[in-house]
C-alpha cells in the first residue's frame, strides 16, 4: 500500500478548553476533510487552561500535543503560528495582544472586549503588528447567513427598511447559577456581551453600521450582578430602522437567534434553531407568492462543497469549521479577513453599540454612536 | 309545517360600508347561527355612507332595511338601539358621541380617536351617558388570544418578563396609493393608528399598562404624509419589558400580527396569519419538551361552541361575530364590556401610548406615560 | 332614509340540522354578503329533521321560516327550488331522488351513497330529471385547493408522478361513542365514507381517475362495527402513483386532510389544519429555491373577492359559502356544476373507489376499477 | 509544557472514499472529541478504491496512512481491526465476508445485499465468525429517532396503530444521470435499495417486523434501468398498519425522510430535513394541547453529551459519529450491536421486505413475508 503526502501545516495554540475550546478544536480537526486541499493543515500544538487535570484531559481529547496552565508558554512557542483565544472575556485582551506582538495570527472569541475601550485597545494594538485577526462571530459562517449576505450584495433586496434581530435563550432562571458568565469582572456584562453582541454584528454584516439607538437593560433575577435582558430600537446609517433584543429568560427559546430583514424588493427571515433554512420572499409577481423555505444545502450555496449532497444539513459546530478555514485562507494567501469574516475592528464596533445600549438605558435618551478609527 | 319563533331583537345602525362595514354586517348576520340563543338578535335597520350609490348597494348586500347619506338620520332613528361606527377615523368622535347621547349603545372602530385628547373626549362624553361602549379591538376575540388571556389569568405563565409585539403588513409600497388612510386629516396617522394601536391594546390585554417607552417613527415613501413604520421599546407597569413594532412595508408579511410573551413558568407565541394556532411552552419537566402548536378549536377553547368540531378552523371575519355577541350580551344582561372586550377607556389608553410613541421619536428620549381618569 | 331593493330569490329546503345542516345554513346566509350581487338570494323556507324540538330550535337558529319532521313536506313544497340533503348517509338516496323528481335542484352531502350501487342509482335517477346536482365535496372550494387545480390546469406542474393524500382525525378512540357514524346501516362504513371519500375526490379533482389500487381496511377498537382506518396504494389512469389513507385514530391530528402532488416542474402540498396555505415548489432555477408558503388570500386568488384584503384568512365554514354560490350560479345561469364543483357522477365515481378499497382488503389483491356510465 | 497520553487504538480500514467514505472518515476523526474517553480511538490505517489518483487524494484528505486499489490489501493487513465497507452495493458481499473471516469487525453500508438472498449470505457467513457486525442504517443514530425509540420503549405511545414513512428526494429527473446508482448490476435497484430500505429499517426499529404488504414499483424516466419510486401498504406483526414510500422524483423534497407514528396514548412525527426536531403529541388532557416541537438537544436527550449545550443543533454528518462510537463500544466492551444499532440480521430483514415489494408489484397481490433464521 502506498504512503500519503500531507499538505503544509500551521501550528495552533489554544487558550481555553471549555465550550469554545471544544468547538474550535473540532473545527481544526475537520478542516482537511471539509476543505480539500486545505489552505493550511492545522497542527494542534498546545492548549492552555487554569485547571491542570482539566487541561490535560482536554489536550488528550482534542488532540493537542502538549498542555500548560500558563498561556504565556503558548505565546512563547515558536512552532505556533496561530493563537486561538477561547478564554473568558477578562482574558481576551492581554493574551491576544501578547500573541499578536509575538507575531502570531490571532482568533479571539466575542465579545472582543468587555467595553468599547478595551475592545479598541485590543484592535489598535493588534492591528499595528500586521498579523491576521478574526473575532469569533461564527454566525457569519452559517450558510444561510452567508447566503443572505450574498443576496443583499447582489441587490436582490432593494432598499432595506427594517432589521429585527433577537437572540433568545432561557437557561438563566436559576438564581444559584454560578459560572464566569455571571461574574462582572470575568464577563463584563450578561446578555449584552453574550448574546446582543451577536445580534449587533449580524445587523452590521447584513445592513450596515448603527447610527443611533434607544434601549432598556434589565436584570430580573434577584441578586444577579449582570443583565438578564436588553431591548433596543436602532437606526442604521442607511436609514433602516429596527430592533435588537437579547435575553436569557425567554422560556422555550433555547438558541433562538432570529432575525428578519425587509427590503423594497425582497424580505429574509431566519431562526438559528432551524439554521439550515432561510426564508426568502421575493416581490416577483408570481401568482403563487409567499416566503420560500430555502434549505441552504444546494450545490450553489455557501460552504456546501465542504460537506454533503443537497438536503443533508449541517450542524451548529460546523460553522466553526467554516470560520477557521476562512482564517487559514487569509493567512495562507494573505487575503483580508473582512468582509466575510469579522475583524477586530468589527469586534470593536460591536462593543461601541453595546456600550451605547448601556448608556441609553441609564440616561433614558437616544444615543448617537460615533466610531473611533485607528 | 310549523312556523318559527324568533328571539328578541335590537335595531342596528351602521356608519360606513367598506372594510369594517362589511366585517361587522356579516358578523351581525351570523350572531344567531353562532350563539344560540343569542342575547339579542340584531335587526339591521340602516346604514349611512357618503356615496349614494355605494351605500344603497351596501344596504342591499348586507341586508339593511334602509340607507342614508347622513349619519344623523341613523342617530335620530328610535328603532335603533346599537350604533356601530365603522367610518374613517375622523368620523369617530362626533357621530359616536351623538349616538350615545341619543341613548344608543355604541361600537366604535379603532383607533378610538386620532389623538389621546380626541379619544379622551369620546370616552368621557360617552361614559356619562351610561350606554355600553366597545372599541373595535377585534383581536381580543381571536380564540387563541382569548385562550392566552385565560392561561395568563390562571397563573400558568408565572411572572411575565417579556412582551414582543409587531404588526407587519406590506401593501403600502406604492407612493401613488390614495385612500383616506394616507390622509392626515382623515386618519390622524399611518401605521400607528392602523396597526400599532392593535399591538398596544393586545399588550395591555395580556400584560397590563405601559409605563414608559422609547420610539422611532419613520416615513420611507417619498411624499407620504403619514408614518410608514414605528419601532419602540416598552416598559410595563408590571416590570416586564419588550418591543412594539408596526409597519406597512414588511414585504411578504400580509397580516402578520405576531407576538410573544415569556413568563417564568411558560411562554406563548402567536401569528395572526395562523390565527387558529397558539404556541405554548410550559416548563413542566417533560423529557419531550418543546412549544406546543395548539390548534385552538378544542371543545374547552373559547368560542368553539359557536362553530365547528375540533380541528375545523375559524376565519378572520369570525372574530367580529365573537365581538358583537359579547357586546349584545353586555347590553342584554347589563354586564360590563371589560375586561374581555375593549371599552372606550381601553381605546383612550391605547391612544395615550400612541401619542407617546410620536413624542419619544420627536424628542429622542424615553417617555413616561400617565393616564387620565374620568 | 331610502328603502332597499333585493336580488331575485330561490327557496331552499334542508334535510338535517346537525353538523352539515349548520354549515350549509350559515353558508346560505352569507351568500349575499360574500358574492354581490348573488346569482340568486337563498330564502330559507323549511328544514326537516327527526326530533321535533331540535328541528324547531334549528329553524329558529338558522332562520328557516318553517320546520317539519317529515322530509316529504319539503319535497312537496312548491316554493322550494333547491333541496339540500345534509342528513345521515342512509337518508341520501330516497329524499334526494324524490326532490329531483319533483323538479328541485339538489345538493347532497358526501358520500353520495353507502355503496357504488346506491350512488349510481342516485346519480342515474337524478341525471335524467335535468336538475342541477352537486355532491358536497366542499374541499374543492377551499381557496388553496382551487388554486392548486388552476396551477395544474395551467401546466405549471408538468407531468404528475405522485399523489399522496391522507385524512387523519383522532376522535374515535372511545369504544362507547354512539352516533349514526358508527352504525353500519346509517353510515355504510367508517373512515371510508367519512374521510377516505374526501381524499378520493380530491385526488380525482387534481390528478384524475384512479385505475387500480391495493388496500387494507382495519377496525382497531373492539366491538366497533365500522372501519377505523384504511391504507391504500393507488395507480392513476395518467400513470401517476401514490397513496390514499384515512383514519380516525391518529392522535394529535384533528382535521389533518393532508396531500402532496409531485410533478416534473413543480410540487404542491397542503394541510387542512392550515387551510389558507398552499406550499408550492417550482423548479425555476432560483438560487434561493424552496417551497413557498402561499397564504391564499391574494387579490388574484380564488374566492378572495368574496371576503377580505390579503392576509386575512377564511375559515372552514366559509368553504360552504363558496360551494353554494357555485351551485346557485349554475342554477341561475344554467352552467355546468362540473368541473369545479363535484356532480353526482363525481360522487358515484368516488364510491366505486371506496368499494374497491373494501374489496382489495378482503381479497388481498390489486383491484382494477371500471366506472359505469349512464 | 506537558505531553499528552492517548487512549487505546483500533486500526480502521475503509473500502470506498466517496459519499459514505467521507461521512465515515470524518466520523472516525470526531470520535475522540465527541465521546470522551472513547471506547477505542480509531487509527485510520488504509483506504481502498478503484481510481488510483482519487484514492490517494482521499487518503491524504481523510488522514489514512496508506492507500491501495485492491481491497484485499486491507483485508490482509493485521494492524486493521475494523473493516468499513462504504463501496457500491455490488461490492458489499465479498469484501465484507472476507474481512470478517479474517477476524475483523465489520461495518457495511446499506443495503446489506442487493437481494434478500445476497443479504442472507452476508449475514450468515459473517455471523459464524463471531465478529461484531453493523449495517449502516445511520438514521437510527439521529438523536430524534433514538428519542422516539426510547419514548416507545417506555410505553409512552400505548398501542401503536399507524406507521407512515416516506423517503422523498428529487435529484433523479435527468435521464442522462450516470452513476453506479442507476446500474442494475452495481446497485441492484433504485429507490428501493437506496431509500425504501431506510424506511423499512426505521419502521422495524420503531414498530417491529412487517408481516405483509402490497406495493407498486414504478420507473418514470424513459430508458432508466432501475426503479424511480415505490408505494406500499404494510401490515406489521403487531397489528399496526401503514405506508412505506420512496421516490427520487418528489420535486422540492431534498432529503425528506418523513415518518409518523400514531399510538393510543401519543403520536410522533419527524422530517429528516429538520432532523433535530421531533413532534410529540401526548393525550395528557392539557387544555393547551397540541404537538410539541421538541428540539432534541436537551441535556437528557440521546447523544447530546457528545456535542453542545441545549439549542445548538447537530448535522447530518454527526449521526455517523454516533454510529461508529456505538460500534466501537460494542467491540471494546463486547456488547451487542442490537437493538440500537442495526446488525446484519437487520440488514437481511430489510432486504426481505424490499424483495416483497418487488414481488407484490409484479404479481398484483398482497405478499406475506417470512424471515429466515441462521
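Here are a few things to note about the model shown:
First chain written, first letter: the chains are A, B, C and D, and each begins at residue 1.
The working rule: a residue touches a chain if its C-beta (ideal position, glycine included) is under 8 Å from a C-beta of that chain, and two chains touch if they have at least 3 such contacts.
Note that the structure is predicted; figures quoted are calculated from it, not measured.
Least step count on the touch graph, subunit A to subunit D: 1. Looking at subunit B and subunit D, the chains that touch each of them are A, C.
In this assembly, the chain whose C-alpha centre lies farthest from subunit B is D.
Averaged Cα coordinates give subunit A a centre that lies 54 Å from the centre of subunit C.
In this assembly, the C-alpha centroid of subunit A lies 42 Å from the C-alpha centroid of subunit B.
The distance from the centre of subunit B to the centre of subunit C, each centre being the mean of the chain's C-alpha atoms, comes to 34 Å. Looking at subunit D, residues 253, 290-291, 295 sit in touch with two or more other chains. Interface of subunit B with subunit A (complex): residues 159, 161-162, 164, 166, 168, 170, 173, 214-216, 218, 220, 228-229, 231-235, 239, 241-243, 245, 247, 249-253, 260, 262-267, 281, 283, 290-291, 360, 364-366.
Against subunit A, in their complex, subunit C makes its touches with residues 147, 151, 156, 277-278, 280, 282, 286-295, 298, 300-301. The touching residues of subunit A, when paired with subunit D in their complex, are 1-7, 19, 22-23, 25-26, 29-30, 32-34, 36-37, 46, 56-57, 59-68, 73, 77, 169, 171, 253-256, 273-276, 295, 297, 307-318.
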